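Notes for the one structure printed next.
Chain naming follows the written order as A, B and C, and within any one chain the residues start at number 1.
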Amino acid sequence: MASNTIAGTGEKQQTLLGADELILNMGPQHPSTHGVLRVKLKLDGERVIGSECLIGYLHRGVEKIAENRTYQQFAPYVDRMDYVAAVSNGLGYCEAVEKLLMVEAPPRARVIRTILTELQRIASHLLWLGTHALDIGALTPLFYCFREREEILKIFEKYCGARLTTHAFRIGGLQYEAHDTLEKDVERFCKAFEPRIKDYEDLLTQNRIWLGRTKGVGILQAADAIALGATGPVLRASGVKWDIRKAMPYAAYDQYKFEIPVGATGDTYDRYMVRMEEMRQSRLICLQAIENIPAGPIMAKVGKVLKPPPGEVYHSIEAPKGELGYYVISDGTVQPYRVRIRPPSFVNLQSFDHMVKGHLVADVVAIIGTLDIVLGEVDR
Amino acid sequence: MADEPKEQQPSGVPAGDKPAGSSAPTSTPPAKAPAAAPPAAAPPKPAAPPPPKPPVQLQTPLNNELVGRVRAKFAAALLEAIEDRKQAILTVECGRLAEVAQYLRDEEKFDLLSDLTAVDWPRREKRFDVVLNLYSFAKNERLRVKARAGDGEQVPSVAGVWPTANWLEREAFDMFGIIFAGHPNLTRILLPDEWQGYPLRKDYDIIEQDTSWVKENLGIESGQ
Amino acid sequence: MQEVTQATMEFMKQYWAPLVCGLAIVAVLPLIVGYVVLVERKIMADMQARLGPMRVGPHGLLQPIADAVKLLIKEDIIPDDADKLVFWLAPVLSVGAALLAMAGLAIGPAFQIAQDINVGILFVVGVSAMGIFGIVLGGWASNSHYSLMGALRSSAQLVSYETAAGMALVCGLLFAGTLNVTSIVEAQRNQGIWFGLLAPVALFTYLVASIAETNRAPFDLPEAESELVAGYMTEFSGFRWSLYFLAEYTNMIVVASVATTLFLGGWLRPFSETRWLNFIDFFPPLLTAVIGVYCLMRTPKQPARVQQLFMLAVAGLCFAVAAVLASPVLVPIAKPSLAAAVRPFYAGIHGGFWFIFKVSAYIYFFMWLRFTLPRYRFDQLMRLGWHFLIPLSIINVLLIGIAMIVGVYYHLNGWRLLLATLPASIMALIIALFILALDQKGEAQKAPSRAPDSYA
């Protein structure tokens, strides 16, 4: 690509003082592009008149790797996509392959999966909150968020020995039985977490500067959000009440009561509020789930060698960032013929150009933060 | 899997001949299957009755109201309508993909393009499947639309129908080299602009690519 | 012979004493700044539920020295496309201006480098504003977009907020009737009340404006890390970067000192003229003694022998300071005949303590805000400056002026002057709220005008 053009913004635009536009290259090494996102901004003074995301710096060819691994061998790779929500990634993949095999994980496995996935959602949202607040200049929430996230990671560590890229689930169920203190740990975390959310909200929700920085910034109307394929909290903040956990329940979500928070205007503040409320709802799901974990096996009867009958399946789950879809095609061998991963971050990032136009440079980082992207997933 | 030894099965072909050894048929079909299958007029379910154990017909022809409407509208352009594991799949003529897409979005309310991707079947005459995964908020159901395209054949872009297809089509172009006609900015997205070849094609040799890249950029014989 | 000695003494008094003071400031200030940074990191850690630097020295007490050494031995990088001369000059300019501004400040009745400048405050404010040249030139010379934008923001910010700060200072100067730093403090002693109490709105305006001027959060846009990487300092590293850093913290000390001098009674003890409150004089030695006791208590908990010794030394230092602070208070009680002789020491030592104490409190407030608040956006910052602070400060000057006329008319002074200024301040406050409400209404009307655009 020629260095000084931005796709879709035309040749020359009218600037305020008739001066030349400034092309500002943000990233791939920049404190607030959340990894290796590179954004080319066309600026009139500080106002953004055009932008282009350049991605791929973290491309590892995950989909190609999948074609050269067996079904089980590929499972740990998906953890490396959205590495702050590895459990959710694993859940999506395992369920997709289970669907391809036409088996179903036993109830006990499904409930434990639900608990861990919801904890992962809280952890992912906490990381988002901390970094988002940091981008907007509030230093302190980051450390509070990491304090709580640490508790969740400790639970993961107790369960499966890993903290970040957990590979917690197996195709057909769970590898490990839940450790003895799982319920107690989760309950303790949930009890402590309630007042902590209030702490974050005290710091931010009513703060005039926070309101000024987030209200009316990066507005995404519902129609635009759908057209741009945005899913997850980004879509819900625009007022579309769609959550795959409710619409097409998977794991054990159909057993629990929870609300789907939606926003009204689709601005950064709404997305903030939606995610805050989602954390509360996830906490409620965890509390409901630990009350009654059914006894029974944790693995369905799947062979040591998985050879799904030929065919294809698309399965998607509500990952913390949005719809995480797996489109898996089997040709009857032990290796998937094709694994297509529908990454929520990648698709959500696409609305960036639309949201950022007309805003200031400072809003660019707010909008990158509010999209909650993870470059491991964008680039795969 | 650079050169596939077995004959590939286009997914549309019934595969009733060889699910024998697999563990699948006896276990119950997914009870919580997504509501992907259109609710009305579902054909007889595969593997539904537990007692008999016939070879399972996983891909069955689909013939519900939606298919009927699409067939009425596009007639011969609808090449095939099947159901695989309760997920509806339509295969349409490549040249009319954008039209069908427009119809599905406007009339059938499939307003979210969840995913757009491609699959390579090198043994087939038209080697690529362009696969669209659609979702309808109103009906809460999914639909998969496929179009078969040959190498170098132009596929009409659906970026005008769903703007989200912009990047997804770029990715498909990046990975498969499928040309989308009418796309606003069809350039590589994940790989560098000067990348040679299309990695997700089945005949793409990773080792060779790696070696040549290493030779060119690092000046050593092999990175392996 | 005696005349020669006399003349030498005169010369020394006139030139050498200030020179020694100046050298002391230049030599000690980097160390002080280093420890201010350490304190900031400790406070930040405390507010963020963590420990902060703990490795270098007990409780990280040697961290500033380690940092300084690290900065000094870092590679000195000058970008290829940079304007070398300006790149070299800019940090020096910044730090020079900041240090020069220190010269006009009086830390105690006697500790002042440039004594008796009749435009004292004006000199300090003017010279410290020169530091912006360093920032603008540095941003321009590095030939980087981020640096340039940081520099632009910084200059725009300074221009906007210097006005408000100046107007706030005018309020204090109205009461003082002089620009001379020493005389301003003397005026507060004579009035028996700090000007900050007489003009709280002016103090508030100056507080906000001074945060903006020193580029501190929530107004730290010129170096907004998440937006501009490091703003004007992006391309600077090692020693040059540390010069900018030194300038920034020195500027903080300067604005805090100005506020202390003008609004918070300079080196005066609280209620310095109220005899029966003289027991406050025991506060400084007690405070340092308590810190010493705390250090002593922590000593056995230190992991290494060296650290224990170090902690002991710190405790000893605290006790020594406490003894020094206590002596001017205790000696007159023990030996009333020495009271007159000790008096100047009292003024110097306790004055220094109170001055530093107030400056520290002011800077603590800066830090507190930094860890609590998100950052303003540039347009919001400008709107706050031009739509709120400047009108408010101008109106406040008017009201305070009127209050002073009223005060003269009714012969009010000292605490009784509050009778006139308090209504003025309340009125200013009401007007401030009114301006805010008006601004918000205007904002609400403007909001929906965002033009819809097609998908890029």
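The rule is short, and it goes like this: a contact is a pair of C-beta atoms (placed from the backbone, for glycine too) under 8 Å apart; a residue touches a chain by one contact, two chains touch by 3 or more.
Since the model is a prediction, treat every value here as computed from it, not as a measurement.
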item	value
Core chain by centroid distance, with centroids computed from Cα atoms only	A
Leader among chain pairs (count of C-beta contacts)	A-B
Per Cα centroids, the chain farthest from chain B	C
Between chain A and chain B, centroid-to-centroid distance (C-alpha), Å	24
Whole-Å gap between the CA centroids of chain B and chain C	66
Intercentroid distance (Cα basis), chain C paired with chain A, Å	44
Multi-partner residues of chain C (each touching 2 or more other chains)	455
Chain A: positions in contact with at least two other chains	7-8, 227-228
Shared-contact residues (touching 2 or more other chains) in chain B	163, 166
Touch list for chain A against partner chain C, complex	7-9, 22, 24-25, 30-32, 46, 50-51, 133-140, 142-144, 147, 203-204, 207, 209-210, 212-213, 216, 219, 224, 227-228, 353-354, 357-358, 360-365
Of all residues in chain A, those that touch chain B in their complex	1, 7-8, 55-56, 59, 61, 63-64, 67-68, 98-104, 226-231, 240, 242, 247-250, 254, 300-303, 307-316, 323, 325, 327, 329, 331-333, 335, 337-338, 340, 342, 346-347, 350, 379-380
Residues on chain C engaged by chain A in the complex (per definition of touch)	44, 47-50, 145-146, 149, 217-218, 220-221, 224-229, 370-380, 447, 450-451, 453, 455-456
Contact footprint of chain A on chain B as seen in their complex	1, 6, 8-9, 11, 15, 18-19, 21-25, 27-36, 47, 56, 58-59, 84-85, 87, 89, 111-115, 117, 119-120, 131, 133, 137, 140, 142, 144, 162-164, 166-168, 171, 175, 184-185, 187-193, 199-200, 202, 204, 206
